[in-house]
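Have a look at the structure that comes next, please.
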Amino acid sequence: MKVRLEFRGGAELLVNGVTQHTLDLDDNNNKWTVARLLTWIRDNLIQERPELFLQGESVRPGILVLINDTDWELLGELDYQLVENDNVLFISTLHGG
Amino acid sequence: MKVRLEFRGGAELLVNGVTQHTLDLDDNNNKWTVARLLTWIRDNLIQERPELFLQGESVRPGILVLINDTDWELLGELDYQLVENDNVLFISTLHGG
Amino acid sequence: PDKHQHPLNHREVARYSRQLILPEFGPEGQRKLSSTSVLIVGCGGLGCPAAIYLAAAGVGRLGLIDYDTVELNNLHRQILHTEGRVGVAKAVSVALSVKALNSHVELVPYEVALTSQVALIIISKYDIVLDCTDNVATRYLLNDACVLGNKPLVSGSALRYEGQLTVYHHNGGPCFRCLHPKPPPPETVTNCSDGGVLGVVPGMIGCLQALEAIKLASGLGTPLSQKLLLFDALQGTFRTVKLRGGKSDCEVCGETPTITKLIDYEQFCGAAATDKEKGVQLL
Amino acid sequence: PDKHQHPLNHREVARYSRQLILPEFGPEGQRKLSSTSVLIVGCGGLGCPAAIYLAAAGVGRLGLIDYDTVELNNLHRQILHTEGRVGVAKAVSVALSVKALNSHVELVPYEVALTSQVALIIISKYDIVLDCTDNVATRYLLNDACVLGNKPLVSGSALRYEGQLTVYHHNGGPCFRCLHPKPPPPETVTNCSDGGVLGVVPGMIGCLQALEAIKLASGLGTPLSQKLLLFDALQGTFRTVKLRGGKSDCEVCGETPTITKLIDYEQFCGAAATDKEKGVQLL
């Protein structure tokens, strides 16, 4: 199952500065929830200081998660089940002006 | 066959100021090329002065045609065959500053 | 007398003629705009373009808050200041530039930091508030003050090559706290002093803040409520994402709010309300 | 000596520090920008924001062309002019405002109409050209001059609540004539004087023109070539559409061009090179 990840607003600094990632997730046995994806990202993409991405089970305060350009809060957050071609955007909220 | 039309940049003034139109085109007998669509628009949507939309077989100079956000020149122009859910945008080029 | 009803005078017709002929705007839009007051918090990279375009369009009253003074390193993006005004209060400097363009806008510069002590009093005098600030603590403060004072908050931000824009607390949309109930860890927050910013990025976002304020004031178009605009200058792309609505359990705008007066936001965020230094861990 | 190689002086480091810390920009980007010259054609709604953000960022030389003088009805969108400069040449007025922000930019105001007689000579002195004009005849003239002089043309336009932006004649992309081999019927062309414009719309597009010029000058990011950005202020939406490449049969940029020197563009378009009156049928 192909899924696209994007990191913006500074969140890309957690994944080596790479803003776009295309994953091919093995979905033969288990469904991929966003919760499972977050753990996968922490274990496979985050270079250092994983606590700046995940805190407990969820993303740390200040990062918004958008699934196909829609706030994950409208889609079930951690329980949302990913489907083919989903786009998951992690964006740090900016504060500069 | 559902097709969406959009008119922008002033081109909407040719169709009563309505920027978005959803058409349900009967495609049982004949294919819908853009050429056929243009004639249909002239006969059905244009209120007055059709020469400000069509000149000869094509749109008048100054209007760009974008099919699914791509210049129709890359898609065969008048010969392009419409498919379900196509979006056709007619945009007047602006000159103000 | 209802200020919306006053006929436009000769000067206004002459000055705003290019707006007045816009069918959806017209004299009614101009009257609404001239009877609207807008508070701009932060007279820097976002506040400069926002202030000048709101004044140009003919907003009635413009409040300008900034505690800071103009520095040379501001001038790459803060376009209403000048070399000759280095050292001058930013609120005053912006007021001077705005006044030269449109002397008919009432200008109220505030050379103060927005604190929990003064925020509600100042905000109560305005119809619309623009968040043009540069730090997390002030953003929470301004959000809570706008919810408590029931004003729409047009929030812009910019860093490096990216910008963000949304309208909070408007028409059932979320407030900043609905999206971010907890502040970010201070070490994850970068300001323009530390991270840098391409000047035209706050330029774009500040223009869009002025636009959203004009739309709110005149009733024109669709405000960017419950939506977040993301701007990427390097790619030249814009993207609008859909946000949650106002949350019923939000601590400030929810059904049973626990925040009913302003708190200590530097303590809440563990970071100072300034862009001068890296946020300090106060907790 | 290669101007790209000069070390930044103390003043430059201080003034541009917030850009210099941007990793992809840095001292190299600043040096490239300071050795780049940009010609802004039209000192109105588009030219004002474009000029001030280019100057703020530290472009080396800025040419400013406008034959017109400041009028009161310009001030709702032309933010570098002032009430006190009504009647002053727009090119001079913009230069005054820009100089106050950054006295280190070389400013060259041209109080002339861009005509076929002078266009190639002026354009030859610049690296990048911004089309901030307001009429079809000048847009064709500027396009042809940029193709003949081989300069990228950052073209912006705005009317009512909409704006458009693209980069012509760059990196295999089309020129204006590739898209529009024939001029529009004069009666279909509306200018800002007749159709009106919300001031912040050219504000946005002018900022984006400055951004595209900075990207071209510094090699940063992806220029908006072979793409057209459409901005709708009422909806707050942006849309980028894909354009054709340069056409091999284009009359000016094609393989066997028939336009090898500038022509009479008012005659070609059947419209005057001014926004003062409705295009007149000359043919």
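Order of writing sets the labels: A, B, C and D. Residues in every chain begin at 1.
Convention: contacts are C-beta pairs under 8 Å (C-beta built on N, C-alpha and C of every residue); 3 or more make two chains touch, one makes a residue touch a chain.
For clarity, every value in this text was computed on a predicted model and none was experimentally measured.
Inter-chain centre distance (subunit A to subunit B, centres taken as mean C-alpha positions): 40 Å. Put simply, the C-alpha centre of subunit B and that of subunit D have 30 angstrom between them. Shown for subunit B are the residues that touch two or more other chains, of which there are none. Of all residues in subunit C, those touching 2 or more other chains are 160, 192, 195, 197, 240, listed in ascending order. Taken as a graph of touching chains, this assembly is arranged as a line, each chain contacting the next along an open chain of partners.
Which chains touch which is summed up as A-C, B-D, C-D.
Residue ranges on subunit C touching subunit A, taken from their complex, read 42, 44-47, 131-136, 139, 156-160, 162-164, 179-185, 187-192, 195, 197, 202, 228, 230, 232, 239-244, 275. In the complex of the two chains, the subunit C residues touching subunit D come out as 14-22, 24-25, 49, 52-53, 56-58, 72-73, 75-77, 79, 81-84, 100-103, 160-161, 192-201, 203-204, 207-208, 210-212, 214-215, 220-224, 227, 229, 233-238, 240.
Residues 8-10, 52, 60-64, 66, 69-71, 73-74, 89, 91-97 of subunit B are the ones touching subunit D in the complex.
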